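Following are the structures in question.
Both of the next two complexes hold chain A, though its partner changes from chain B to chain C.
Right after this comes the complex of A and B.
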């Protein structure tokens, strides 16, 4: 299977800017020549990294990956095991639950331009994990997977596969970190979520790879009837990040929330492509992407709401807000609608603005130093999203990550 | 000299000259009222002293306890001890009152001082109680969705928390009903004392029923045309601002 996928990777063309899905993108940095695709030895001496992965108290399960290897595993308790919950690295799941993988692994086709990278991912994926929640099971505490890049120039292929069966409820968190701040890696990560009828999945992705990294993160969600998926992705790391988030509302009455917050600094490029695909009636989706841009950074937000003819009574919202903190930063917004049904509520909007000078003066007039005032205003800008997290521990961790990024340099 | 001293200040916005040889001294421990009709430059004075970038100081001096503040940045002026209560306080979505005031308090700490959160909150709650501000306000975004009265009380709360040497209250009474006015006045009366000089900018005599000034100054066309005791405010109320205009004309002759 892997060999076939590699063939597909080789035969598929590299993206060009003529392709609508890659408009404005920096194609030249997609060159993969300098990265190491060989599978490294399993790393040792991981105490520090394990400590740094301790973000959430009492997770239902935790897996830590380092350079594609699972290096630490907090298994689920016997109760969950008895109920049929599966929480395993892919390498184990392939042996124990091949029928699930056969059905679901890479079964959501990319719609936003990354066919070639899907093929590459399929041919190189060595690890990742499977979370399977059977019918009717509600799991209170979140699952967490920490993906670490340790060695310079290593190529990583994190994979997240979540299957939430009918009327189940589960939360999981992926964190993506590099050992050193300015590390260079190639990342090709895929995340697929399946929410069966009436299931609820909450997904948080915190991406903080090294600042010289090329990252490709493809997230894909499918909801069946009356299912709900709440997703949030935080993007701080990478030199060049390609982030694709596609939501397919397949079942009637299902709902998907897509939130994102990003801080782009220096000459960072964050390229975000989103799709809200409404296939059935009474489906709702709500997207809010907020970007703060510093120095010479660049963001591209290209979002599409697509409503099929059958999908009457759809509510779909898409908002992109960009806060420019420098004259040289560049925010591109390409919102789009493609509606074939006639009884829908859809709206999209994008705003790009500078920091409010009156707000800034008000803060300075209280003696707050300029850099701190700007930092508070950026936090204020993001708080709308952070307040939506019901998990205070995670909200605080997120604020800390953002603060570290704003204070570095 | 323990006073806020303004000497022959000339300020313009763009090409338009607003303050013309404005002079005033507010000694520490005193309350001075600055009155005058709209458009005479009262708020311009407040903003210019606070270092607002839209106001150009063409000449003159402004000294805080003898130290010139005209070349300082707004945050430096504030930390040096001049507080401005805004006429129209800005809304800052996503930044809570507690974090906002905390940042202002922390900005005043020396390198070796530690910020003690428990003390900070104790002080904050005490001041909020005094100003009849509900404690749940600490987690609300700064001024967002506040009523006029809530905004003004929040300004006085900041004044109380930051312990300045001098405070300029720019039309703090505007938009307040009588109950809110009493609460604000009570707050200011509690704070006034030998370590604080206060300049009350107001349009109406009403506020001065509750905060008794040591001196009253009447402003017209960018400068003070008459100064006197608290009775001047009553006289002004009785005679109206046309009287001021006559005074100004008489002075000029």
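Right after this comes the complex of A and C.
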């Protein structure tokens, strides 16, 4: 399978800007010549890394990856194990649960332009994890996976596979970090979530790779009847981030929420493409992407709501807000709609602008220093999304990360 | 309570008649340098125009069809089957009496001379390739306004028109602007001298009468400093078995402080490919307003644009599209901000009926060295039947923190409650539907000149009559 995937990778053309899915994107930085694709030795001396991965108290399970290797594992308790919950690195799951992997692994085709990178991922993926929640099981505490890039120029292929069976309920967190701030890596990460009928999956991801990294993150969600998936991602790292988020509302009455907040600075490029594909009636989706742009950074938001002919009574929203904080930043917004059903409520909105002068004035008038006032306003801008987190630990961790990035300017 | 609305017939009866073809000049089918020479010979054109055409033809050959983003329907156009030039004589007649009877009959049925007698300052009616009739009321002529066909204008007033001809929309802008630059014929060239305010709208009427015919009219309007002008165009064609191509290029130049309002009511028959490039340059404190109504055609691709080149320039696009069975209205707007404090406004409303599809594509561009630029975009879509389709593909690029844009779009259907409410008060279902649709576009049509908003309202009334029941 890997050999076949590599062949596919080689035969597929590199993306060009002529392709609508790559419009405005910086194609030249997609060169992979400099990166190391060989599998490194299992790293040692991981104490610091494990300490830094301690974000959530009492997770239901935790896996720490370093340079593609699972290096630390907090297994699930016996109770969950007895109920049939599976929480394993892919390398183990391949031995123990090959029938599940055969059915689900890379079975959601990319719709947003990254066929070539999907093939690359399939041919090089060496580890990742599988979370399988059987029918009717509700798991209170979140699962967490921490993906670390340790050595310079290594290529990483994180893989997340979540299968939530009927009427189950689970929360999952992925964090992506580099050991040193200005590290250069190539990341090609895939995340696939399957929510069966009436299941609820809550997914959080925090991406903070090194500042010289080329990151490709492909997220894909499928919901069956009456299932709900809430996803939220924070994007801080990478020199060039390509993030694709596709949501397929396959079953009637299902709901997907997609939230994202990004801070771009220096000459960073954050390129986000989204798809809300409504295939069945009474489906709802809500998307809110917020970007703050500093210095010479550039963001691209290209969103598409597609409503199939059958998907009557669809309710779909898509909003992109860009806050330009420097004279040289560039925000591109391509919010799109393709509607084939007539009884729907769909809308999208995109705004790009500077801070509200009145708000700033109000704070200055009350003796708040200009830099502090600006920081508060940016925080206020993001708080709309952070407040949606029910987990306070995680919310504080996100706030801290965002603050660090804002202050480092 | 509400029966499923049926697909409806568009009102093309008014334009759906055909006069016997009788052309003194016919360039045959297909396009090549020989055809261009033929056109140039008939028109007795100068060498530079001949060269311009031939360069454009090479560009046309080299450009691919934009099918990587646009409708694949474009591939069904057979450029070798199209007739590129037909005319019964190249000199526009000055008096209505000199116009041949059969052509007069065509225009009589379309109501043109009547309009002229009533209030229009000048009428240019284009029948296939050449302007059959062209006149400006004496008063406007005395003010120094020039209003004539493309070739005539380029030959008689090169000092005015050559400077801007092909400058707002370069030949290589897209495949169809190149085709137009190669085969252009007819259209209106207008020059408004400084400070002149043309009190009545100038009007042109385009009509395709021959099967397999391509109409490539070329319009260039130059409004000199502080002048004001309103231009209206309407288009129809009888229905033929094979598709017909209309590919116009319209260039507007609004010099300092000038105002141009350009109104289009497009009602081509449902087998016409309407692929039009329209763009304006607005200099300092100038205002350009495009009012664009697309009712007819098989596929319309038209994105009127304004390049806001001077400080405080303003661009506006008001667009209404109605896509009926088998039609695709692919319309939108482009706003290129190139100076400080420029503002733009786009309001697009579309209605999809039956299996009709309407698409909005927009582009708003603000580079980083600018400040105080503002854009507002609103696009609303109304879907009447369950087989109707609507798409929205805006593209917004903003650099720097001194500008602001906002974009909003929504999709809705006529609510059952509204219809029920009106039926309770004695309206028929058709009347109620028509009232709803008129209400949907009302805030736009209010901004149109009166006779156009009335005509549009009637047109919608007629369309909606058949849509329910």
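Observations on the model:
The working rule: the second predicted complex is superposed on the first by the 408 of 409 C-alpha atoms of A that agree within 3 Å, B and C clash if a C-alpha of one lies under 4 Å from a C-alpha of the other, contacts with A are read in each partner's own complex, and residues count from 1 in each chain.
Convention: a residue touches a chain if its C-beta (ideal position, glycine included) is under 8 Å from a C-beta of that chain, and two chains touch if they have at least 3 such contacts.
Bear in mind that the values here come from a model prediction, so they are computed numbers and not experimental data.
Chain B and chain C, once both complexes are superposed via chain A, fit side by side.
After overlaying the two complexes on the shared chain, residue contacts for A:365 are found with chain B alone; chain C is out of touch. In the superposition on chain A, A:383 makes contact with chain B only, not with chain C. Panel annotation: after superposition on the shared chain A, the angle at the CA centre of chain A between chain B and chain C (CA centres) reads 80 degrees, nearest 10. Using the contact criterion defined above for the overlaid structures, shared-chain residue A:322 touches chain C, although it does not reach chain B.
In the superposition on chain A, A:32 contacts neither chain B nor chain C.
Of the two partner chains, neither chain B nor chain C is touched by A:14. The partner that reaches more residues of chain A, of the two candidates chain B and chain C, is C. Of the two partner chains, chain C is the only one touched by A:354; chain B is not. Superposition on the common chain places the nearest Cα atoms of chain B and chain C 15 Å from each other. On chain A, the surface touched by chain B in one complex and the surface touched by chain C in the other have no residue in common.
The touching residues of chain A, counted against chain B in their complex, run 356-359, 361-370, 372-373, 376-377, 379-384. For chain A in complex with chain C, the residues that touch the partner chain are 18-20, 23-24, 309, 312, 322, 324-354.
Residues 50-53, 73-75, 77-79, 84, 86, 89-95, 99-101, 103-104, 107-108, 141, 158, 162 of chain B are the ones that touch chain A when the two sit in their complex. Of all residues in chain C, only 68-69, 368, 381, 383-413 touch chain A in the complex they form.
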